[in-house]
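The structure follows.
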């Protein structure tokens, strides 16, 4: 394996597919949202992505198995259109590795005749807020308008988007493929199921699939309580200015 | 994208072009000078440079758009000769990446029949001086003499020139293309519009274009005041030896 | 040498070979176990592995010689099957280098018609225990069952296996080659001959070779005493909580 | 330039050439010795080595010129045999880069029908001694014997040789080219002209050239005095144990 490879199952057929990526990143919004969609909408594993740019490790399973680090592509059957959802253990470790993986994902998207690619990420505010908006950043005006109509908020984010969530729509621009990064507003220092829930909700409206959000809501509430409790404890011990400094909690 | 690419608009025609680069570096002299020239002389965007050796990020715009990090080539129409001015968000992150980008820029220069390449950089003195000279370092004696006649100061700089500003004229030497790095004298710890102004002024004399320097002068004066105020405050608090230690200000 | 190479002696013939790797890693379990097998079972050097991904150094010998860093393949003649044992000075320094070396080892294994690959590693517990179990993590269920029958413990390890010990069976999975990592339980902060002895013992049962373990046992006991003495001294000086903090001892 | 290149002057002819390298390394022994030989024996520049694995910088000259970082090959005309001496500004920055440069040097050596390659390095003892022996480490027994006869000391060095000084004879072994690293004994923390002198003296005996050592001796003595003075000062201020801690002095 001297470059990134995508191994696909035989006989995969897709109906007007939209690609959605949810790889590890800020607040794990993408990962949580995409995994939830795969679970609830009964995604079928159709391809695996391996790369020499991933860390040189294998993962051990509880049952005594081992496997390479990878990203995995799932197919979710939809009424009007199928979804191709990509999740994974890791992202590439170097800049050139990140570009290579992103290009291979785009090669695959083109082969599968994907017209729109949505990457899910988190937008870190450093604040623990009640409100968790869903932002977008698009690779062309038409996509922006389309998603703006459906309630995605544009123009309120600044800075850069690091990794696959940014590079895939960025490189898609050069290939004239529509691409957008959907970002869940989040603190940035902990896993945010609440923000992931908002993202999934928006995607279900936009892509026209029905999905129960109960489990994600429940998980979000449980975690909210834990976070609030930690915050209160920190505040009691350190004074009110300290709550911004809580460290990363998984 | 497994290597650096230059995407050019169709139908670009150039008259005896001189290439000028102004990428991020010491005191942002090159970036400020080149951007100002493009703005005032109505540069036209003719090509974009993308590289897997740039950081693996995309930039978000205020309007909700996103795009890859890139360098951009502008054409400025001149009386006797056209200018090809290259500016950009970033430079490559690794040594091999820097060499690759520099070589691609030279390939493009050769294709466009560029005879002279001028890179703009900053020469850091660590001092906040009234006088900000314009130094040069050339890749052959003839170029040196030519620019010396026009008031560029040679032989008063030492050490090395890092990145595109150095590598492009360095590698140009192997291709027998005339190359020179023009360096604005600067403190090194802050963005120096005043030094950039001197560089633009010199270039306008050398390359024979007319350019109003008012805006650059105004910006320079505003920033000078801010720097001086900070210096005074630091001095008051820390004693007179402290002023050398002011940290980087953008 | 722009990629990893394997230089093989001429005329190597092998009988149903099983590959065993023992490269530097946790507690040096793999290295100690594999070197001991080569020594006691009179392994014959049949191939050398060189890589530009190894550190850019050569080793000096006591006799005034020098040689490149390398991994070496030994053949051990068995009754039913031959062993191909790989040991070495180092592992590759980068992720992509690790993948390349692992793939070259697999190419060689396939060429030699190896059906099963066993990598030896250490599983770090951070505890100095009397008991040192031998764990396994396999790349398919059948291999797992086969080794479970012979007393290897599965499902009690978690996390990841770094380097050749993990990547080789991980990548072997994609080639449909049976692969397993055998891990000796160990503290992790010192070279553990006792755990290596347990691994060799298990392998002799599994692979059906006879090997005297006296020398390894003796070395293990000597080192145990040293470790215990150091522990006691640390404990006396620092209190009983300190013993977990003893540093790495070779 | 996507790989290391060697640009040679036209019409170079050589008589039974021996290659000698003196690149930056421990105590700058190699660099000082090789530069001295080139200067005193009137070496003629015949080739230049450029590499994208060198740092991405150019050097400025006192006269206002700039040039790429490089290694340079000089020809020294001898009675019985010519010398090919390689000196340079830098070594490659990565492991793979070091291997590439070393292989290119060997390709060039083979092309020029070089039979023996001598790399000069320093062997760091951490001691400031009166005696500075000349050690050797060879890539085969025959070379060892040949150089042992001429007074080079073998078998008293241990550890590894980093960079070109080690890799070139190490990789030469795979090509069946005789290679040896000659190491001047040195403290390791300062430039050691005295040790370099001993190396040049030995080489003049071995390779049969006559060279005046006066200038090198003079420089060595001047520097010895400076080092001793610094040592005394450090000792006075810090007590006698401190002298081992003097920092690197060029």
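Going by the order they are written in, the chains are A, B, C and D; count residues from 1 in each one.
FYI, a contact is a pair of C-beta atoms (placed from the backbone, for glycine too) under 8 Å apart; a residue touches a chain by one contact, two chains touch by 3 or more.
Note that the structure is a prediction, hence the values are computed from the model and not measured.
Asks: Taking CA centroids for every chain, report which one is farthest away from subunit A.
Replies: With centres defined by C-alpha atoms, farthest from subunit A sits D.
Asks: Only C-alpha atoms count here: how many degrees separate subunit C from subunit D in terms of the superposing rotation, rounded to the nearest 5?
Replies: Answer in degrees: 90, to the nearest 5.
Asks: Would you mind pulling out the distance in Å between where the CA atoms of subunit A average out and where those of subunit C do?
Replies: Those two chain centres are 38 Å apart.
Asks: Taking each chain's centre as its mean C-alpha position, how far apart are subunit A and subunit D in Å?
Replies: About 54 Å separates the centre of subunit A from that of subunit D.
Asks: Subunit D: which residues touch two or more other chains?
Replies: Within subunit D, no residue touches at least two other chains.
Asks: Connecting every touching chain pair, does the picture come out as line, ring, star, complete or other?
Replies: ring
Asks: Where do chains touch, given as pairs?
Replies: Touch list across chains, by label: A-B, A-C, B-D, C-D.
Asks: Going by the contact rule at the top, pick out the subunit A residues touching subunit C in the complex.
Replies: 1-2, 7, 50, 52-68, 93-94, 97
Asks: Contact residues on subunit D for subunit C in the complex?
Replies: Within the complex, subunit D touches subunit C at residues 92, 95-96, 98-100, 102-103, 136-141, 144, 148, 154-155, 157-163, 166-167, 169-171, 173-174, 181.
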